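Next come two complexes, and both contain subunit A; in the first it sits with subunit B, in the second with subunit C.
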Partner chain A sequence: MSYSQTIHLHYERLVLTGEVDLHNSPQVRKQLLAILKNGCSVLVDFSELSYIDSSGIATLVEAFNVAKNNQLTLTIIAAAGAPLQVLELTNLNKVFPMVSSLDDIRE
Partner chain B sequence: MKLVRCEHYKACTNELSEIRSVVRCACKKMGFSESEINLLTLAIDEACTNIIRYAYCGDKSGRIDLEVYQSESEAIFFLTDYAKCIKKSCLEIKDKKLTEPGGLGLKLIHKAMDSVQLISLSDPVGNKLELRKRLPQG
Partner chain C sequence: MTSVTQDIIEVKNLVSHYGERQILRNVDFSVKKGEIRVIMGGSGSGKSTLLNHMLALLKPTSGSIKIDQLNILTANRKELSKLRQKMGVAFQGGALFSSMTVGENIKLPLKHHTELDDNTIDIMTRLKLELMNLAGFENLMPSELSGGMLKRAGLARAVIMDPKLLFFDEPSAGLDPVTAVELDELILKLRDAMNMTIVVVTHELESAFKIADKITVLFDGEVVMTGTVDEIKQSSDERIQNLINRRPRNDVVDAEQYIQRLTAGQN
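Then we have the complex of A and B:
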């Protein structure tokens, strides 16, 4: 797994690449919580993500709750394939704001 | 019952990627669809994650054995660890809100598989998890 971070409008965009599992989800957690601590809403870009396990999903849930408690947002972009299946299986696709592409993000 | 794969791994998180790759390959061989392969791979990964976290409590010297069998009607996965015996109640799903942490991996395992059974081993001491999934028809 690797990630890159860019700014899109007034959001921090975190692009996750490869597979997120118990081995690397602490890295993702650290990054997400750091972004939120800086007072930025976050776009988690799944377009390059091929796999995510429950530890990755738990990380997103934790970050989502932190964002909500601080009047910020966490939005998932371009979830497809296995990661989308996990979100649907857990009904979290109804909890997280999700959009199909970066073009759907407005100010 | 035909043996499809038999592999041994260290109880380390950096083995998870290889385990997933082996399971994907075995499931493909048994004729599962891409969507089913995703779920079965996730279930085995979650089970291994639980073994590493809760059976071995992060002790990297532990071992996980993966065996995949194919019967006439089912794919059967066995995951064996040699940690202390864990209670069968640990496999029960506690009804929690989705936004609360914990137990998610277990829910995913139960959703992906048709049956999940834990067998306690006494000599050597350990746990054997048996996960079954009906083979695709046709």
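Then we have the complex of A and C:
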């Protein structure tokens, strides 16, 4: 897994690449919580993500809740394939705001 | 050229005894990654014994067993422990520790094997409880759950580490029909979303036909047949048809052996 962080409009965009699992999800957690602590809403870009395990999903849940409690947002971009199935399996596709591409994000 | 094997389980020529009694006779059993395989057979056919061998809980008389490329009969403790982290097992009765709450039981593997933050572990545990329709039961003791709930809690613990390989002993035995169907659906979803390979030991035909990619039928410690659901249904083997049509077996009585068994040790 690797990630890159860029600014998109007034959001921080975190692009996750490869596989998020037990070994690297703490890194994702640290990154997400740091962004939210800075008072920024976050776009988690799944377009290059091939796999996410439940520790990764749990990390997103925690970050989503932190965002909500601070009047910020956490939006998932371009979830497809196995990661989308995991979100559906856990019904989190009905909780997280999800959009199919970055173009759908407005100011 | 070396051929790349996709088999995550490779059992060859497995022979096993309990004492003098032979349980498994030259069993060959291989499962591909991402497959749902059902092991079917009547009581005493050797299905649980085969399962226990694949979990390295029993030592065979002869034969070989490779799980995810590791020869588990020659592997050392460290290798086995690493392999076990990639495997989940749901036993018949749940096998939860009675002195811990349901939640503590489920999160136990994560506490032992990972350094995840407690918040992450708590959410992972609750996600699995939700998945098993056990939301809100986290703080109960196992003795406060019904049989079906214990089974689902055991499954929650078995999949808490997102194993590559899940073994499930008698998932639907003792469950009401609705819960049994839900569990079948869940097994299918786990495979699709997590790409798990799942081996299910069962004698519930309906469940086997619904979830299996392939079924292996054991009879008296021998593999009678491995095939797709249709192949099994169409098999002309009498033992398979007896199993499918729930006909009692009609064993031929060997008078000599029978009287010997009854009078063993007597003059």
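Brief remarks follow.
Rule of thumb we're sticking to: the second predicted complex is superposed on the first by the 107 of 107 C-alpha atoms of A that agree within 3 Å, B and C clash if a C-alpha of one lies under 4 Å from a C-alpha of the other, contacts with A are read in each partner's own complex, and residues count from 1 in each chain.
Simple rule for what comes next: a contact is a pair of C-beta atoms (placed from the backbone, for glycine too) under 8 Å apart; a residue touches a chain by one contact, two chains touch by 3 or more.
Just so we're clear, the structure is a prediction, and the values are computed from it rather than from any experiment.
Under the clash rule set out above, the superposition-derived model of subunit A with subunit B and subunit C contains a clash between the two partners. Within the superposed three-chain model, A:Gly81 lies in touch with subunit B and out of touch with subunit C [touch as defined at top].
In the superposition on chain A, A:Ile7 contacts neither subunit B nor subunit C. Judged by the touch definition given at the top, the superposed model places A:Thr90 against both subunit B and subunit C. Within the superposed three-chain model, A:Glu19 lies in touch with subunit B and out of touch with subunit C [touch as defined at top].
Look at A:Arg29: by the touch rule set out above, it reaches subunit C but stays clear of subunit B.
Contacts of A:Phe64 after superposition: subunit B is touched, whereas subunit C is not reached.
In the superposition on chain A, the residues of subunit A contacted by subunit B and by subunit C overlap at 21-22, 53-55, 57-58, 61-62, 82, 85-86, 89-91.
On the side of subunit B, the complex with subunit A involves touching residues 13-14, 16-17, 20, 35, 38-39, 41-42, 45-46, 49, 52-53, 98-99, 101-102, 104-105, 107-108, 111. The touching residues of subunit C, when paired with subunit A in their complex, are 114-117, 119-121, 123-124, 127-128, 130-131, 160-162, 189-190, 192-195.
Listed in rising order, the residues of subunit A touching subunit B in the complex are 19, 21-23, 51, 53-55, 57-58, 61-62, 64-65, 81-82, 85-86, 89-92, 95. Only residues 21-22, 25-26, 29, 53-55, 57-59, 61-62, 82, 85-86, 88-91 of subunit A touch subunit C when the two sit together in their complex.
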